[in-house]
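In the two complexes below, chain A is the common chain; its partner is chain B in one and chain C in the other.
Up next, the complex of A and B:
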């Protein structure tokens, strides 16, 4: 949209509440305009009026509540919404960088079709009215079961619309989550009786035991847990918490622990049982936990001395941690990260979570808090996740000739994320008609026969049920804070909200679809739900007037009500099997264990985060690497292999190989290799494409038996030098304070 | 012109006369997780040039605030420490007396100020800063039209040839002042939060008036864990750090272990 268009808009459309183009008058009184000599920093003198709108950030991965500063019709800054229960005014680096996914110069501005089928190099721009009729025809023709819809796991209203749309049009709905959390979810359901992963109350606990958990950089909400962590350390009115962490290597979360101990990959569950054995200290295993013992009735086989070799954790450490855990007034045990990505991920997570039952801390302050359900029954808090096994089956079917007629893709990028051996690009490419709703050209969109670009989340309506929130049942509302940057105007095509396209189709296709989705737009759907909430007369906003209620809810960024206590099912571990980890290949040919690590900045590489130069150029907390992929190796491994820093090496697994320079990482053992996720895009615009390499591609397609999820920690690799070198761009070494021999820059005390 | 005249006549080794307001920050190292939210928030607020790949490789990346990472100890007793570093707004600032054109000076609120339109780019100040908090614009900006849309209209877009650094988000200070003044009120503690402080999930960073003894920042600055980075240089900084608490400190390293004692690599 050009400046002229803004003026035209202002003239034609009128500007109301909820519309974001706000023209602030010049409110500066005369006396402020004194003559200013240019000897101050210019910022000293600037004032002005801004408009701030509350919304939800979809780039942060957790649906953080945000307030967005809008000036001259443009979003200028994103801050946390201080009222929103999930993040209380705090933001992550990813939330801050959402401005760059909004004003991304490589966004797709119009509907487009490739000039040649499956050729993503040249496109023809189209208007919506040119492409929609054909699209509708194809959908109607395929509606007897020939449609497949692929999305990211979405909750809130979009989740509800997708569910109803796919059900009523007879489509198959697949959701794609690169690092599946199926083991964490199932373990939550076995141990805590709730499918939603609970909220671990680290803000109020005195002892935090974390086995493989990556809550500060990955997990459900790094912002929520970051805020809780600050309170855990130095919160007012409490003493400093103690944090013990076990992980395959020194992750960012591990770096923040008081003690970190390396553990052999896949033995996290065994360690947890050993800690349980030490906690029980001869007492009988509680009946609910009996299945954990492998039917032997006790945990003697897991005595600290027995498992020290297998886990790589010294017996005295196990005993001390168990003692501290048991003795602390409040304690909580968390898990996740790579521990959940083994073939025995479900066992690992169940054993770790079960430690909380020994501490009897479920629904206790400083323990495990169960999340409130969605405040509205028909609005899901969680999306169904398609397991890796189902993905494999689906791709096999297509490969064997059961080809659907139409494929719809939104927000998911399976071509980038699925292991390379599945050949997702060529298999999905057989589907005759592929429609992508992505607003950036990602690897899956590159296959599309038609691209119908979605608005950015700051330009469209939506809702979110936060992943964590024990105190409140929350519905966060995402409203358009700016007009679409590429907007439909005077014949210009522009982008269109995905949900509105689906609802438009539901109207024209008729039948049960229209009945199930009676709304004309996402805004109407949300408004209907908000009217339901208004009728309840409780919660963060109350009003007798539906219009006042609606506006107040938008202003607050959502609606929440103190949660009623959840009554979970009793723990049921009977289906659990104690399991050893199973790796993709033998240890001799592939001697190193590959750990793929989600980046606190780029996540797992899904979405368009890698297209943000801010996120690309911000230093990785541990290595300070930027703009690329690196392979973190122990200096000892490097010495043994004769590899130097910045040498390009090849990692080869049974499923493929990748190239990246080596970073000498002091916090990793000799048998482990860590590679960050997020890079290695072939598409995604100028800032992301052809940069680094993607370790997801070389994961062996090993399935977790009990969950059907991809065992993404179960890949072994070998390392080979290539003889080539490069310079990994990184922030470290560019600037550092002068270091004085007698005065340390970073100072430590052992008194809290 | 009055302030400039003051700056010229003054003995630059002494702090400037205060007006009952001295902005300062407390950094609690025990809370910092190294999450980088402050870094991106600062870029978004202050129109800092993009650190593209070749700029980083040239060692010319600009970060008004950065998280330094220090390795300590040997595997498996290895630790990584995080330290947010930015302009310390020294009361005795080494960068100020060396500027030949008074582009950097101390204002009466304790801010170390960089006047862009005076700067002629000698870079003496950056050489003299022991904290490496100053950055020189080596390149003209080359922004796409879309990338101009999110620029902060309250902050100058600096051009090639001048020096820049953390301003404690002076535009936010002025704005809060202006808002209070027009309500006929005094500035209150907590009114002003620089972008990094507002973003920080763990409340590591606390900002306020160090001369107001009731302010949160002044109280925290009295914490028994307080220290200043490179205090022996006599820079008298307005940024106070609170030591990291490590109950095992005596087991793995001397209680005052830091970068220089490292066997590992140095920090950012």
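Up next, the complex of A and C:
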């Protein structure tokens, strides 16, 4: 008897159950035990050496440039691409952990259909040629406006293909972004005259003022800003920069600041105007900023003493920060985070960004740099984002009987992310034919009538126009670095690239669709664009030979050219309304502000990051919590409510309630509750399922007035003990501190 | 049965079950016989009887991370003439297995061997460094030359690696292997 037979026997016999349980966890798929003799002796290549391939990481959220070490056909390690303008060799935990989304044991290996409609517990594997004809038929029948496509906001070639596909087949294209950044984008447009969010040149500034801008853990690219931040503090040939930060609670960004001041939620714009008032110091408000005065003509109402109570920031702090900001040789003001998620998010962001106009630092080193447009005209740098208001309208329409015939979903998980009161699952469930292209079973995919699993990004072609890296106009190229893990092999159907499926449909459906999308595969589409770049004869790679150019571009991970100076429109704040924040409900019944915070590891919970054990078990940088959700409360609040650490409490908003253990956090105001995002999945495989709770579900559906975005910071909650306790897994505070014999102990006290 | 006797019986059962599991693990990892291969390739015939050096076939072991499995073409360098038509090849098993190899070559089909030694992805093991330090292949792989079917003779787990590194004053930093 061989050991393989033993394992097989153990799996099937009752006697072997114990052994099956003992060994199932260590199981490697049978085909992983194969090693191939190639037919021919490879000439010119030494086999058995590491190969590093350049590509783009889609798990990082910003499209970081990466190089991947591949040996024996397996991706073994991911590092940053040292050449790539966005991240210059740096990576994040998410990028490092992308190997685990590639080799995730819960990936969907083949096309599949549920055995019973809307039942996500049992599926039947199918072959591609069995499912594609019916799918095409349904699309053709619905092509007169009965198709809805839902994706994540996506740029680059996939963005272009989606735009042309939906336009020519007559489909409605909705994109889903859980924590909408509409306020940041619109404020950029008003203040800086460009719709792309600018790059705040932290690396070269001497004074950084951030109001809610959580750039080290959230925002456009924590990796880019993390690198810039290193330069800001310790860069060669410059003195250490100073960093003042205002936020509702002590985020990781706040913990890195020289001074952090808690601020009352929603008053970030008022604080910014107060700082502006102090900077102006009696001088007249410049004409461009007049709309911020709300018709008063001056900012006297925002004098530091006047707003100290409302904002919770002492008047002398406001005056000192304003003085430091004005006096520094270079200074930059940035905002974002929860400040942009209030009903008055646009006002907050505009007021904060306008401080840069007072400093006159736009397009200056150490100030605000404007990002270059996409290097190719037909390849979008920005994805269109469907606002929350439009999502609400769409769901209402479906609810009221205007049901589309076909729903296509890729990369977005609205059932998980939309506020629970919208009942997205049951409303979308009315659509008779739902097709998901996800390669993991997420909450939205669980509704699908047909699942056509996409390749992982390390197995497929794509491009990315990075959100930052203003010095260059960049096209990053994502190439397959390994063969698909689930490929057509031994009768298995395997996965297929989403873009290739769309392009295949465009070829067979004919008409204007074929004309708009003439390529047979994503690789061909990218090759055509790269040939266009080659003809320019400039940039990071040049060659007279198209083939050499193509290979060199793949080797470098993309192509970039120094950006031409972007000339923005003049600031135009005339449409801005000065606004106070509005909250979901009255302060009596719901006394606490809920601040949901994107996790630096798991993001906002969309995508399949929670299915990575590495990310799950990496400590949250501030609380050291792992594998769960917690509710951070100030010790004073806990005392007032009679709640202990690790007590499970219920947060209730007007929209619903959630449960999680309490984590005592001194870095948070008394009236504020903070909950990390990323957990609470009902699906998503063995590592993510039924772990923690999802605060997005209990957000009140409050809309930002001027942008139509979800005001995701505007929810108030009440807290109630459940009488139950649990132990939140974390690293900090689980053993008593130990006095090392040869180390002196310093105790920090309030006494001077 | 008294409560005390019951406890002792349960304790004994737990110990016996534990021993059975441990025995099973040891047997499964270091089983008496290696796995069946698509071609019954015999190292003993090549190394013991014909004195071919390991590196004649595993030719990248001195330069690369992997020793590498030879290409079919490499086998055919010799087996073009050493096959059933050669009067010196008389063993019918050998004739049959060489015929399988020839079929792979003629159909241009790679051979899917069953892996015997597998390192996890998070370990970066480099053959070249170990060979250059003067270690014999047999240190880790055992006397493969005398095996009819290759099997694993050492556990090659982390303790095994670290133990050997310590004995030979090789570095034991985490990042030597995990990088």
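We take it that the second predicted complex is superposed on the first by the 681 of 752 C-alpha atoms of A that agree within 3 Å, B and C clash if a C-alpha of one lies under 4 Å from a C-alpha of the other, contacts with A are read in each partner's own complex, and residues count from 1 in each chain.
Going forward, a residue touches a chain if its C-beta (ideal position, glycine included) is under 8 Å from a C-beta of that chain, and two chains touch if they have at least 3 such contacts.
Nothing here was measured: the structure is a model prediction, and the numbers come from that model.
When the shared chain is aligned, chain B comes close enough to touch A:223, but chain C does not. With both structures placed on the common chain, the touch criterion links A:255 to chain B but leaves chain C unconnected. Once the two complexes are overlaid on the shared chain, A:42 sits against chain B and chain C alike.
When the two structures are aligned on the shared chain, A:741 is found in touch with chain B, with no touch to chain C.
Shared-chain residue A:99: touches chain B and chain C both.
For chain A, the partner touching the most residues, choosing from chain B and chain C, is B. Contacts of A:76 after superposition on the shared chain: both chain B and chain C are touched. Where the contact sets of chain A with chain B and with chain C meet, they give residues 32, 37-42, 46-48, 71-72, 74, 76-77, 99, 103.
Across the complex, chain A meets chain B through its residues 29, 32, 37-48, 71-72, 74-80, 87, 89-93, 95-97, 99-100, 102-105, 107, 216-217, 222-223, 226-227, 229-231, 233-234, 240, 242, 250, 252, 255-256, 258-262, 485, 600-601, 613-615, 617-619, 621-622, 624, 626-628, 634, 636, 664, 666-669, 727, 729-752. Interface residues of chain C facing chain A in the complex, by the touch rule stated above, are 17, 21, 24, 27-28, 31, 33, 35-36, 60, 63-75, 104-105, 108-115, 118, 121-122, 124, 127, 179. The touching residues of chain A, counted against chain C in their complex, run 2-4, 6-7, 18-19, 22-23, 28, 32-42, 46-50, 71-72, 74, 76-77, 99, 103.
By the touch criterion given at the top, residues 1, 3-4, 28-31, 33-37, 39-41, 43-45, 50-53, 56-57, 59-61, 63, 66-71, 74-76, 78-83, 85, 102, 107, 113-118, 130-133, 144-147, 149-156, 167, 170-171, 174-175, 178, 182, 195, 198-204, 224-225, 227, 229-233, 241, 243-250, 253, 255-261, 264-268 of chain B touch chain A in their complex.
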